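The following pair of complexes shares a single chain, subunit A, combined with subunit B in the former and subunit C in the latter.
Here is the complex of A and B:
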């Protein structure tokens, strides 16, 4: 019960923060619309329009950027002060960071599931039609991983600003080499080979295979890798989170 | 004023990560972007699906893989292939592609006649302008990270103490602006100069022209980050990144586009980034000063408005006793 109360409070904190709320709901839709519109002329009347491509890629990018929400939920100035009170209370330390992970995850799941559903049924973006649940699952796992990763970075670095600015870098790098902004094959064979190292690329490919080929070969590997990575992040949180070093 | 500037530099060690990102990581990103932008493939990658021994015409703009079965549709989506070409018994070709109609026709014609028709693509943007478009996005997002001392000082009540000294908020903001400007300008210029001089990358401008264009670009980013840091209290960096990315896409910093949406046209014409991109293109085309004077003064207007607005907001908040 006590833990649920903490989660509820943390969730409320994110929900009341309008910047976080907007960046997880409206901004992804704007990004899809803009990128789709801007690149419209590169796409023809084939099976995939520019909105279909950026609908998938921008949702993946925004879902990864939930890391920023997680770092904010954990170590933003106002939240920090409340955390210090909890640190003094006789509760196990995992309740503190786990509640941030869970509250971020709940918000992210709600937000991105609605974006996918709205995108498919109101804006006619191809998210797989009847295969939509699988795309929901992947994005869901991605949000979980982002929440865990952001919280882990906070535990490691002990500072919101550091955590969010440093974790942005791998996200940008993997996204650029994962085909989020442009097709990796456009840069030649070498870059296409490098892109195999980017997890983002596999998530994109997994999504496209499900949507366009009904091919689920990558679904389980991607899901379990993300789940495994999330668990690793939580373990690192438990090992590195030192409440006694927590300062305002 | 001088001691205010000095103070910023002396405090670098406490924010070392931000400086490392600004001075090392971002320039690397910019360098990589320049390097790769020169390597964009202009050829079509085509899967030619046939079980007959058909001779295929050769052309360097077409990289054709012959195979018996069609690859998956997702390989088109991922861009592994630009098109599938299938033959039927009568020797007719069917082209399946995600590209636009003119590309589809070009491929069709190539397979039927063995010759590639002249492709009249819309006027391509110069390399230099493409690079500056990317740098502009990075600078706008990075500027706020370098302005971090200002919101920090407010949160720690240091700002209040500075204001009780003879220093004015105007001077404080100016000092912060100079710090941000240097932190943005020096690494960016060095990165582009190094990729040009050492790696011989094509950047479309002479170094002198580049230096001047970067002054304008960095001033805009500095004014914007001062403005954002003044009007917002929390989540400044997140909000700034969001605004920067959305407006930069609209202004065509990533892709130049010609849409038929009037609303978007009106909005994007207001944006200073659009004026900057237009000016950069004119400069790259080698036009005279008169031709971009309008765009230039428009950008300056934005810089001044953003700077003054930041100042006024800060003054007002001080009067209200917010800090």
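Here is the complex of A and C:
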């Protein structure tokens, strides 16, 4: 009951933060529109339009960038200061970081599920039609991973700014090599081979195969990899979170 | 009298530096203990250990009969911490703040309502309960900071500089609230940089310096034992020309401290030392802009003990 109250409270704090709300709802839609519009001519009249491509890739990128929301929800200056009281209260330390993970995840899930549904039914972006629930599943797992990863970085570094800036680097690298901004196949075999090392590439591949080929071969590996990575992040949180750092 | 806090040989180091170097003390039920010390004296580390946030390297601590290490959760239920920084959420109302933090202690709705109202009334914010703290003055935020810490009616309250940077009206309100809390049976550890607060509130005063308790007594005894005399403060321009030992040789001088340009000389009361001190300074070519004298007080006692003024 108490834990639910903390989660509810943390969720309320994120929800009332207009910057976080906009960055998880409006910004992804703007990115899809902008990238889709700018690259329209590269896609021609094939089965996949630029809006279809960036509809998937920008949602994946934005879902990953929920890391920033997680770090903000956990250790943004004012929040961190008020959270000191949770450190003094008779609650186990896992409730403190887990509530941030869950509240961030709830916000991300609501935001990105809405984007996918609105994108498919109002903007006619191809999210797989009847296969939409599988895309929702992938994106939600990605949001879970991002929430756990961001919180873990806060536990490791003890500082929101450091956690945010350091987390952005691998996200952007993996995204670039994973084909988020443009298809890497046109850049030669070497780059295409490197892109195989990017987890983002496999998430993209999985989503596109489900949408266009009705191929679910990558669904379970991707889902369980993200779930496994999330669990690892939570374990690291438990091992590294030092409540006393809040008081310093 | 019941012992609320019992600390024995407490030690805590950060890397190779000892922040707390083997301190021992006890606090009885209903006492208000003033914790004084210059920056870096070990006050905050001691407070964080008592708050169960930091683990000691060595020593034994019992709070309300519970062992600090083995029964930290039981201790947390019974103590309230007023942190130095204002730890409230600015975007929710004062009442929601107190309700949320008191709710962490597991109270049912009706009891929680009662506790929230009592806490807000105690700090004089009940009529502002529906306002958001971002509209509050610094003093009101400080009062809300206290309400959030005491709403669960802790038996031991630890206050770490609760009145920093606030207006006199709010300060008086806070000091009165603290007296009321004590009347209601709470035991209070009060850390501050304001000497007059400690003088007006505390039953006993502990002075810490370099991780140790260097004095622990009532205000009157501290002044009598340590600071009995007159302290002359000279604003010196060129102290290099005189040796501190020469001043010590003046009959009646008990202490000489130099902090920046301020030369503090403590002399026994009823000894006519001022003339000799001034002559010595002038004969040695020392010039000073200003000289003040102060009878023995807690401040002069503190200076005597630590060689630093409280705000250093």
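Criterion: the second predicted complex is superposed on the first by the 246 of 248 C-alpha atoms of A that agree within 3 Å, B and C clash if a C-alpha of one lies under 4 Å from a C-alpha of the other, contacts with A are read in each partner's own complex, and residues count from 1 in each chain.
In the analysis below, contacts are C-beta pairs under 8 Å (C-beta built on N, C-alpha and C of every residue); 3 or more make two chains touch, one makes a residue touch a chain.
If you're wondering where the values come from, they're calculated on a predicted model, not measured in any experiment.
Partner contacting the larger number of subunit A residues, of subunit B and subunit C: B.
By the touch criterion stated above, A:181 is placed in contact with subunit B alone, subunit C being left untouched. Of the two partner chains, subunit C is the only one that A:90 touches; subunit B does not reach it.
Of the two partner chains, subunit B is the only one that A:212 touches; subunit C does not reach it. Shared-chain residue A:19: touches subunit B; no touch with subunit C.
Within the superposed three-chain model, A:114 lies out of touch with both subunit B and subunit C [touch as defined at top].
Contacts of A:243 after superposition: subunit C is touched, whereas subunit B is not reached. The interface of subunit A with subunit B overlaps its interface with subunit C at residues 78. By the touch criterion stated above, subunit A contacts subunit C in their complex at residues 2, 5-6, 9, 12-13, 16, 78-79, 81-91, 243-244, 246-247. Subunit C meets subunit A in the complex at residues 48, 51, 53-54, 73-74, 76-77, 79-81, 83, 85-92, 100-101, 103-106, 148-149. In the complex of the two chains, the subunit B residues touching subunit A come out as 17-18, 21, 25, 29, 36, 39-41, 45, 72-74, 76-80, 96-101, 103-104, 145, 148, 155, 234-235, 237-239, 242, 245-246, 249-250, 252, 254-255, 257-259, 261, 264.
Listed in rising order, the residues of subunit A touching subunit B in the complex are 17, 19-20, 22-23, 27, 30-31, 34-35, 37-48, 53, 68, 72, 76-78, 161-162, 164-166, 169, 172, 179, 181, 183-188, 191-192, 204-205, 208-209, 211-213, 215.
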